[in-house]
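Alright, structures below, take your time with them.
Heads up, the next two complexes both have chain A, just with different partners, chain B and then chain C.
Moving on, here comes the complex of A and B:
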């Protein structure tokens, strides 16, 4: 039992890293734009399908395929921002964004169902069903690779935000959009690129999701509910909060699945959200005051 | 709100050198309505021009049109003879017009030093930014003292001074201040106004909206009274301050009397009505 719990904790940390990457994209979009991107779930599934298609039809390794799918999702994100998000009025954009991105999600879901059918598929590669034996624990290669990839991409995202001029403009826009405009930042451009980046990370998350789960387009509903729970728990707009909360939630879920029952794992995931929010309404690292517009 | 008479409304702009900034027939607003309904006035070079008026007069809206945050629906905003209408906030900054907005506008999660550096966001040469920062640090000791602290941890007055420091990073020609005294205690208010005077003495033109109308006009070389989206009166700061009807309308009925110090006004609560 003890070994199982430790294994569950390790699995939770590894999958939590991948969820952290997907949630980081979601919270980045909210932080900069006040947009709640309900389509983040379907973007993950779209990323999974793209990796699947490249693997099945072109024989491209899923990790190598990220060189194609990440830029593809980035461009799709720019298109969605340009086509739908930019047109929302400033005053009620947060509320309207839920409807609009839900509509985007439904459209993409329909296209995916038509293209790939509703049958479940899974990404296969030589490392998907392999595991390594380390210190008495069996760890799946795909989880290790996925965690390493997520860690690399999160570090890259951190470097982009904290070590570049563009990152400074993102952080400024995230904290005060008017002040950012008044120091010469093109907030609209920053928002568009941030949305693109926020969506692009789902390509990587989607690939790991598709390699570790059988999925179809409807898998997006479960994903978005989890991702929203993670970013709300972490504190909307907080990258660090999203990372901590993703790992916390996934570890909790995996441990409950082992010590109690997999049936209760998902319920505990959301129960944890309710409990934490009742103590800290803004989540782990949420903004205590509304951002100046 | 009582309107001023037509004769008072048509009083000419302050005489002096060619205007640095000139607004002609500016109409602007949000949504369906117009907040500014045809604003005309000039900002002479080297002046401190203070805009006063009641709540809803359009003071902040006016500054938003000058800094490019809001595009006027009609009219012209000329800076050195060049029309700025349609220019982005970035383009306005590049012209040398920098605004410090009304609410605390520092990036709270960045350090004080990072905030000041953000003032030179448009400058790509890092050596230039460092040189400018060194000059600014000399003027604003708070940057050296609290440079590594998060900006959100500063007091209201310190934040205001850091905002001033940030706006000076581009060495602007015109500094636009939206209610710089808002929320400050009398002592801090004096320090903030002293800094405005210093910026003016350094050769910068100041355009400010001031909630504390009397203190603002006392500081100003020129005054503009805005009411219901239109300029009702312009003159020197003293002229506007001493005008009987202006005094009755905006200065708590203290027309012709010698204005009290900002500190005293703050504590006696006879400030203004806008």
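Moving on, here comes the complex of A and C:
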């Protein structure tokens, strides 16, 4: 049993890193724009489909393909922000964003269904089914690579936010949009770029998702509920919170699945979510904390 | 999804009313009314007002792959029926509305089909999850609901007299496999088995009977757990099965993603059971093969009531028509197509025999014990509306071929691959 628990913890950490990557964009978008992006799940699936298409039709390795899919999703994010988000009124943008991004999600789902059909597909590469034997455990290459990539991208995102002038603008907008405007920051431009970045990072998460799961466009529905739970637990707007809560969620679920029963894994996570929120209503790193970073 | 059974009870991701509204607004919900025309060379042309047959299908959402396969099956049947002169000399017209995989929407849809669209007959939706509420609505209005994908016990637990499932009853799906294992000489018979299953009305009822037979044969249960339909990560569950070193894995899966996730984890753990059977997923033809990888599919089994190579004249005709109309190869045909087609066949035979569209008359006739023919084989309804004459098979991927392996006495069965080949072999 002890071995199984350790294995479950390792699984949870590796998978949690990938989920953190998917959730990072969601929490960034909320932090800067007060937008709850329900379309984040379908963006993950879109990223998976793009990687799949490049792999199948152009023979491009999924990791290498990120050089194409990340910019592509960045551009798509800009387009969505320009076409849908920017037009929301300031006063009720958070509430309206749920409806609007849901509509975006449905539209993208329809396009994906028409383009790729509803049949499930999965990304294949030489490392997808391979594993390495370390200290008595078989660790899947794809999860190791995915975790490493997630770490690199999250560090890069952190560096962008905390080591660049643009990042300072983002953080200023994150703390107070009005004050940011007053000091000369182009909040609209910052918002647009932030939305693009938030969508772009899902390309990487989507690629790993597509390599570890058979998926179709409807797969986004499971994802969005998980991602929302992660960012709420971590604290809306907090990047570090997203990472911590993703790892917490996956480790907890995986350990419960092994120690107790898989059927209770999800329930225990949501019970833990309720407990944490009752003690810390803003999550691990709620908005006030996040904005004071 | 899969013949005789797949995802009949699937309960994964359900779409909210918000989603439905958005779908409707976006024009992505299909409200397709299709009339299959074309008269055959020797049949009198159907004429007069069409007979409207109402159907709610999951054309989007969680069950979209199955729902769209069902739609193709219904459409193929309607085209054939009209080519053969229609029903009672009138053309049949399918009135298909999408339920977006929602058990709530399916209720609204059948009410609309009955009260507003004035459908004369009803065909069933996809999955046990949607068939249960659909059958209640049909019963309230006195309609017969002939369906092909609601074979789980929960469909028949309500004591309704109007629901008829043309496919193999779900509880019998794994019995053939379990009996085959039990019949093996003790020296060859596996000693241990694992039973991971999704908490789904389609999968769970199958596990118990098989487990009971295997345990009676001395096959020790080393893992038996139910996992939720919406799993974030299958890895720890699959790893736990691998750690149990079970020689048989009986996976209660409803779809391709579940089955492929377990295969992927098993490959990564270098764990290869002697026998691996999944209730759903491997019967998805080319979709499963592509997702899991051809070399990893080798040796995986699935119970079912139909497959594209089934030696049945009407089945072979349907398969040929399907390939002609939609392209691809026979092995890529989803068994949902056959389930849907069978629904049309059975209803047509009942209407033709009674010369009536009166649903009370049809219900009485369907319960009369008459044997109907279908692309899935014979259909005979018992008192509950289950098909007591359904044939049970077990199929296996052997290299890239999907072949029938059980019953072993059936001349169409080929030698079963046991123990299964190594992954990638």
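By definition in this document, the second predicted complex is superposed on the first by the 287 of 293 C-alpha atoms of A that agree within 3 Å, B and C clash if a C-alpha of one lies under 4 Å from a C-alpha of the other, contacts with A are read in each partner's own complex, and residues count from 1 in each chain.
Going forward, a residue touches a chain if its C-beta (ideal position, glycine included) is under 8 Å from a C-beta of that chain, and two chains touch if they have at least 3 such contacts.
Bear in mind that the values here come from a model prediction, so they are computed numbers and not experimental data.
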| item | value |
| --- | --- |
| Fit-or-clash call for chain B and chain C when the two complexes are aligned on chain A | fit |
| Inter-centroid angle chain B-chain A-chain C after superposition on A [Cα, multiple of 10°] | 140 |
| First (chain B), second (chain C), both or neither touched by A:178 | first |
| Touching partner for A:186 - first (chain B), second (chain C), both, neither | first |
| Larger contact residue set on chain A - chain B or chain C | C |
| Touched partner set for A:253, first chain B, second chain C, both or neither | second |
| Contacts of A:168 with chain B and chain C, given as first, second, both or neither | first |
| First (chain B), second (chain C), both or neither touched by A:280 | neither |
| Minimum C-alpha spacing, chains overlaid - chain B and chain C, in Å | 28 |
| Touching residues (chain side chain A, partner chain B) in the complex | 165, 168-169, 171-172, 175-176, 178-186, 292 |
| Footprint of chain A on chain B - complex, ascending | 67, 69, 88-90, 93-94, 98-101, 103-110, 114, 118-119, 121-122, 124, 166 |
| Contacting residues of chain C [partner chain A, same complex] | 12-13, 15, 18-19, 22-23, 25-26, 28, 60-62, 64-65, 68, 101, 196, 199, 225-228, 230-233, 235-237, 239-240, 243, 255-257, 260-261, 264-265, 267-270, 284, 287, 290-293, 296, 423-424 |
| List of chain A residues in touch with chain C within their complex | 3-4, 7-8, 11-12, 15, 19, 99, 102-103, 105-107, 109-110, 113, 118-122, 124, 128-131, 138, 140, 143, 212-219, 221-222, 225-226, 249-250, 253-255, 257-258, 261-263, 265-266 |
